[in-house]
Structure formats: structure tokens, C-alpha cells
């Protein structure tokens, strides 16, 4: 399996930062490897301090749960099948959108987590990163 | 950016204590700096022990999330955009009203957190502190 | 048993603050009740952020262990009877000097914790608080 | 007080990465702000996973304790004045060298933490970052 390199992680950070900037947002941006361990992180000037842990844990959750964190937003509702999931793993599971696995040749090689705007905005930025990652993989 | 001094924090504690006393309440009162670190705290006689952490985490949340904690009460409801936010950051995010940032010249320089009464009462006390802070800043 | 009141706690905070100031130090000062729960806290301008938890945990330890924290400095040395004590209780036990129980009529009614200078300096400030407390009790 | 910007933090990360590369090391590199909160982080390919937390906590410690972490290595020895300091603050205090405060105009504006080589090597890399920071401040 190909490993996510720091070089690639830096390019993805840059994509997320530029996308945030274009949207008028100050984001926390985290990238983890296939073991859900942090590779690279940045907090844009004036971004929320609370977003440090949230972005890291979104990235962590996307790899650890093998799905986008947005999938959990519905599933964790009271009465839904995964109600309560977000209090497991010492609270590291985040059910807010904005964490997405990075997939290469069918394998999860890492994850991206964004925190700074609304969940919808965080998802939009994370998607831009995923697209950039797929483009890099093809080129 | 101006730093919130202990001298100012003490005056704000005093405002919160007197307001609580007038309302017949025993409050936990916490003031944090711009890094969300505790500057000053007091627990009025007979105030709830659980309120120690709640008041500190309300103040922490107001700075870390850059908004009053009351804004999160609705947003964190099941089905709302921030559902699940209160289990992030090791549970330090509080979604009960009563935590408000202290703003000086457009910058968040600290935060106040109150816990002792109902959320509505805690908010009323926190608002009294914010008004006193704004008055101090002008005089 | 007499309860430690907020009124008394404030006077003790003030003693510690003035003593620190005279010694040219910026201290974190914490006072807890007989349940080892925080009553009042202040961080002097420019005091170390790490001292917030250390001062609180010194006060907590003095009540929870029913002894000055300085007693543990020797006892927790490798080969001594309490070696390892400071990793119990989720690390809340502090073995640095500067935490002392407050005793009234033979009962521990609370504790003081100081963090800002060397352990010797922190102990000196804590002792000044204990003396002030004993004086208050007699008058 | 001047704030440490992301732009500066990126340049410092780059200095640390290049210095590590020249020394044949794979480092974890963390930069925090004046509130000891993470601004930017990177883990070089093949760097130790344990170093993620160590580098962050070295940076955190340097700001929270207002001193290089190397100062604590001796002070925390059994029988020395700060024995036991490293189990306070939930174990976030690191007494290994490689964390150094970043000082601008006499104020601590942030900190750097390095973990990847021996403590001596981590200190050498952190020192290179401090020198670069001072150079940037003058130019």
C-alpha cells in the first residue's frame, strides 16, 4: 500500500488553506495517516482554538471508522443505529461533517479533517482536498 | 491586543458575585484569558460543586468557540448542524448558556462563565459582567 | 465542623498575592474546601500557565492526602515508601512543595496551593497563608 | 504583544525540517502560540509516532513553564527541586530537551517542540528554529 507522504500532506494542507481563504473562513486543517496518526496540521490566523482538537479528531474518525464523519451525523441521532457512538473512544469520535478518508487504489491511506466554518462549509473544504488528492494520484 | 489583567478580572468577579447575590443565587464564576486559561475563579458559599467545572468550561468554550455558549444550545440539538459538538475536546465544550466572550477593540480578550442557577439566570449574570467590562473599557 | 467560607478564602488569596508580590513573584493561588473542591483561584499577571493545574492540584493533594505536599517530596523518591504516589489519581497528586492543609479545631477544613516560584518559595507563600488563617481563627 | 502568525510558523517548520534532514533525522515538529495552543505541526516521513505528542507537549511546556524544557531535565531528577513536575498537568509537562519558547520584544509569543532524535539533537534543531525566529524578527 502506498503511504501518504509529508510532501503530499503539505500539498493537501495548502489546498485546504486556499479553499478556506476563498470562502472567507479561518480553518483548522489536519491530515492523518493510515494509522489515524497526525502527519500535518495548521491553524489559520484567528481560527477557533476549539477547532484544533475537532479537526484532528475528524481526521482520526474518518480513518478509524472508515467513513466520512458526515455519515455519522444522521446515524448518531437519537433512535438511529449509532446513537451514542460519539462518546466512545474517550470522545475522539466526531459526528460533525468535515472528516473524510483519503483513498488510494481502494485502500484508506489517511484522512483529512476540517474545522472552522459550519459543517457544510467544512465538508466543502474537505471535499476539495479529496479531489486534489485524487488528481495527484492520477498524475 | 490588550491583555485581560487580574485587576480587571477581580472587578468582574465582584460584579458577578453581587448580581448573583441580588438574584438569590449561589454561583460558580470563572474568568479566562484569550488563550482560554483560567485567570480567576470563585465559588459562592453553598454553590453546586458540579458548577466548578461547568463555569470554567463555559468560559473556556466562549473563547475557544468564539461565541456565547447559548448559541450552541440550539445548534447542538439532534438534527441541528452542531449536534455532537459537546462531546468533542474531551467534553470541555459546554452547550448550556452562561459563557460569553469578553471583547475589546474587536478582539476576544477573554471569557466569563457562570454556573449556579438556570441557564437563563446564568446568562443574565454573565450579561451583567459583559456590560461592566464594556463600561470599564470606556472609562 | 466550621466550613471555609468564600469570605475567608478571599482574604487568604489576598495574603498570598501580597506575599508573592513582595517576593517579586507571579503566583497561581488556589484554595479548596474540605472536599478538596476549588473555592477560589487567581493567577497573577504573567504567572506560568502550567501553574494553574499545579496550584489547584497542590491544594487538592494537601486535603486528599491530609498532609503538606512537601512531605511527599522525600517520601516519593525512588526507594522511599511512597515512590509512585504521584502517578495515582490520574496524576492529580502533586509531590512538589507548596500545598498545605488548613486546619481549624483539629479538623482539615480546606487547603492552599501555590505555584509560581521555586518549591521553597511556594512553600514560604503557603506558610504565610496558613499563619494568616490561624490568626483569623483566633480573632 | 505581537501574535505569532501562521506565515511565520510555516517558515519555522521549514527551518526545522531542513535542519533535521541535514542531520539525517526524521522529526516531529510542533509550533504553539502564546496560549500554548497548536498553530502548525508536521511529522517527517518515518518519524516516530510517539513523537507527535512529545513534540506538541514540548512546545506546550516551553510556553506553559516559560522556559526551555531542557531546564527541567536536571531539575526533575529525584532529590532535585522539581522532582515530580512531569506528572502534573495530566502528564503534558515534558522534561526532555527540545522545547524552547519563542520570545519577541521580551514576551513569550509561542514555542517550538522537536521530537525525533536524541534530546541533544532535538535541542540543536530547536535552537536553529529560535535563531531563525530572531533573524526574522530583526528583518
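Brief remarks on what is shown
Order of writing sets the chain letters: A, B, C and D. Residues in each chain are counted from 1.
Note that a residue touches a chain if its C-beta (ideal position, glycine included) is under 8 Å from a C-beta of that chain, and two chains touch if they have at least 3 such contacts.
Quantities reported herein were computed from a predicted structural model and do not represent experimental measurements.
For chain pairs B-C and B-D, the one joined by more C-beta pairs in contact is B-C. Chain centres here are Cα means. That of chain B falls 26 Å from that of chain C. Our note on geometry: chain C versus chain D, Cα centroid distance of 30 Å, whole angstroms. Averaged C-alpha coordinates put the centre of chain B at 31 Å from the centre of chain D.
Listed for chain D are residues 3, 35-37, each touching two or more other chains.
Looking at which chains touch one another, you get A-B, A-D, B-C, B-D, C-D.
Considering their complex, residues 1, 3, 33-37 of chain B touch chain D. For chain A in complex with chain B, the residues that touch the partner chain are 48-50, 53-54, 57, 72-73, 76-78, 86-87, 90-91, 93-96, 118-120. Those residues of chain A that touch chain D in the shared complex are 3, 5-6, 9-10, 35, 37-45, 49, 52. Across the complex, chain B meets chain A through its residues 35-36, 61, 63-66, 78-79, 81-85, 87-91, 93.
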